[in-house]
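For reference, the structures are reproduced in the following blocks.
Here come two complexes built around subunit A, the first alongside subunit B, the second alongside subunit C.
Moving on to the complex of A and B:
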């Protein structure tokens, strides 16, 4: 007899489980050694609490009711629950605060069969360290944790989620025109974006920058090509001081889908797999929505994807 | 992934234009042109496939870049691929067509409250009718869509047409134009970062 399980979920049997566990353990140890204590929060939260963090609750789609009629939702990431924990359990604690997790999250996707909806994420959050200093710490630790997990060629893409919007505003583009353009940028529909830019009627130098920006990626030299990248430049200096600058790709067109990011955004790549291993960014307003105003940033990777990259790495050596 | 790019090439209507483009990039396509059964041409980094499979291979990184029609990208809009360039060739139109006998689509909507539409592009078709506030039942077919209204399966079709010849031969008339489609250059998001130099070189040469 076979019995179905919900789409996007799967059983993990001992051989795979051993490998996933080993990756999780190595990453967990790297986080702990860097002072990021592991945290556990409930898989089910009150939906209204998750929604306080992000209007779309970062994609939470699995809901149910408890015996009081309250709406419960499966968390769609660990960042929002940790923001809640910081505001409630660490209301008086002296920042900075450092937390890590190896935990499951759930996201219903629009995709059909096969796309995972239950993820094992490994990640960390750094709370109370603003700007480039905090971002560099999170990036460097992610690179280190992935090296511990057995990857060799992984890189971190870094952008500024507020950069394009800021340029549009400074060029006098009215607010209502921003959203469709940012959506095209987020999908990297560069053909559609160029059509929209052409319809704006801005000066030809402004037009060129808006069209060129999504293609600007590489080393620190790309920072010379655009205005408003002071934050990224200081991040580069911090990364250099930590000896990981060569592992970072600046990507001025990078924007992340989640609504709570306020500045720097990150993605993690490995040449062995064609999709991102994970991502993160700076979210300076999120914890404030729960009542404690603290800047923060974090980065998480999908352990199953790290496993794919690690297996490919093993096959090469 | 090695540093040389793997390119997903669509067989079918965009095949010739794509191979001409690759010639312009200095890739020797003679073997691809002469061998229509072979699928993988490893020494020049070319894989050939149906146009609708190109986004799949590129999304997963099995190909770094690929060429496919905008029609395919519209239908598979959830694919995480970057659309880098409008290549200009392979122009055709996505249209609503129906038998050239009065107004079969309007009649169905008036009398039956909905119209039945056959298509290979169910999502584009559904979106087009939803956006214009009309109820449509979408019937997905795999083969010749033109047959569907002639046999009474549906009232009309949504399909791609370049010259309108096939439609005319089956006594079908274009009632609405949805969008124009041309060939596009797409890229895998990770390759776009990790092989930026190689991909930019292709974009530069194509842009001319």
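Moving on to the complex of A and C:
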């Protein structure tokens, strides 16, 4: 007699659970200390409501039905539910608003064998602070919360999700050609991307920039290699003022999958492990879709991955 | 533009969330101190696996499907998943085993307007300690954990889920007549129950006992009023030895809804509020259904209800 559990899920036994709780608790305390109060939203929401936030993630949701036949879905992140809460429960509140969460999310798609489908996220959302000022606060707090959780070598990769699309437009590439190229970029398929660039028929200097840009990765010097990066330059100054500029890696090829990001995008790394710990970015149009037009950005990490990174750091030291 | 959330669910904003977290954290710490390590299990399980534990609760589950078409269900409690974990991950471990959880569960049935369908439970399971000794440990620890969470007036109601059925059998009432009577009893429909008893055609002294038993509620003196309560008498002695006998109310009409209870059943009350805070009992056959035959009992409370009771106690004091 076997009693399987669904692929991508796991039982967590007490010894590991204690360590995961400790990471979540320390991150929550760091968020709280910075004024980010924790929010809980229902695991199941009306799918129609979640779709207002982002149509592209819809395929990744576990669906169910209520007794009236309405389609329910397990949330696949906390950003869309918090955008809903801001527009409804904080419709009149003076911005900025600061919220955090330590909560599970679910994704039904199989993005690879062993890829988790239920995961515990710790994250925060800063609502009503536009541009580099908001992004710097989010990045600095994430670095601090991960330090509180016990990491020592973590870094935040920063890109501009609108940069490549903007270059394509400025080079006269028609809109319908953008999506396959952005998809290749988000998969980090630089060979496939180069073939697509070659087929565009743009000038050789434009072609060189489109091929070179995704590989530009490093300190603030990479910002000298590309046009249209004034926002990232301001962000660097803000990060310097907060004393965390050395923890940031600019990555001009960085594009996040989710459709709601409008500008800066973030990924969290630890050199001790080969996977990203989490990500986020600026989403200035999302809350407006629920009826309150406010700029926002946020960042979340996967607690189980933070735990693995912590163990890997200890093994290295 | 409205953005409803499903009935029976709610958004929890930071001020309340802080208080709910504090209750969960204090209860978890009390469980941990007593040797009950926390376990996490997936929110979604194969329905077929959950049904091995209890067929009767199946209708109360939210269902979904995986990409192979298998039926998944959101867990409606943590007792069945922990029974599965004990039989699989602790198949060789020496009993007793002690586990706790602070976790959400979901029930799809509408048991009344405004009845929650997503709730946060704090609870524990004691595996491998039979009879009154195990039950006393579970009751005493629940009382202690709720004291740690800030309650002062809480009580545990204790009954024997097998008592009424045993009386019916001993009075020669055929098995098929038991279920509707036990259902009336679990609804506390004493008028309906009395009608059913009158239709049985048993002797007048048997009839009197069947009608009187559900109303027997109070201190150890109620145990003198009924036959077949030797187990509850032993439990009282154990509770006296642990110094918590004055927090317990015997309730001979207490029957819990779930099908897996085999003996003692518990409900948690606070005189400051009119609803139960949680419940549990002994389930000696459940883990065996997953392949390891061990007696067990457990008790869980609804954290949001504990929070309401705490506020009501403060308002009264």
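We take it that the second predicted complex is superposed on the first by the 306 of 317 C-alpha atoms of A that agree within 3 Å, B and C clash if a C-alpha of one lies under 4 Å from a C-alpha of the other, contacts with A are read in each partner's own complex, and residues count from 1 in each chain.
Please note the rule applied: a residue touches a chain if its C-beta (ideal position, glycine included) is under 8 Å from a C-beta of that chain, and two chains touch if they have at least 3 such contacts.
For clarity, every value in this text was computed on a predicted model and none was experimentally measured.
**Student:** Go through the superposed model and pick first if A:217 touches only subunit B, second if only subunit C, both, or neither.
**Tutor:** First partner only.
**Student:** In the overlay, answer first, second, both or neither for which of subunit B and subunit C A:155 touches.
**Tutor:** first
**Student:** Based on the superposed arrangement, let me know which partner A:192 touches: subunit B (first), subunit C (second), both, or neither?
**Tutor:** first
**Student:** Who does A:14 touch here: subunit B (first), subunit C (second), both, or neither?
**Tutor:** second
**Student:** Applying the touch criterion given at the start, work out whether A:275 contacts subunit B, subunit C, both or neither, answering first, second, both or neither.
**Tutor:** first
**Student:** Pick one for A:22: touches subunit B only (first), subunit C only (second), both, or neither.
**Tutor:** neither
**Student:** Which of the two, subunit B or subunit C, is in touch with more residues of subunit A?
**Tutor:** C
**Student:** Subunit A residues touched by both subunit B and subunit C?
**Tutor:** Correct list for subunit A: 110.
**Student:** Please give the residue numbers of subunit A that touch subunit B in the complex, ascending.
**Tutor:** Its residues touching subunit B are 110-111, 155, 157, 187-192, 215, 217-218, 249, 251, 269-276.
**Student:** Can you list the residues on subunit B that touch subunit A in the complex?
**Tutor:** Residue list for subunit B touching subunit A: 1, 59-62, 78, 80, 82-86, 184, 188-194, 196-197, 200, 203.
**Student:** Can you list the subunit C residues touching subunit A in their complex?
**Tutor:** Result: residues 1-7, 9-15, 17-18, 20-21, 25, 28, 32, 37-46, 49, 52, 62-67, 70, 72, 74, 81, 84-85, 87-89, 99, 104, 106, 108, 110, 118, 290-291 of subunit C touch subunit A.
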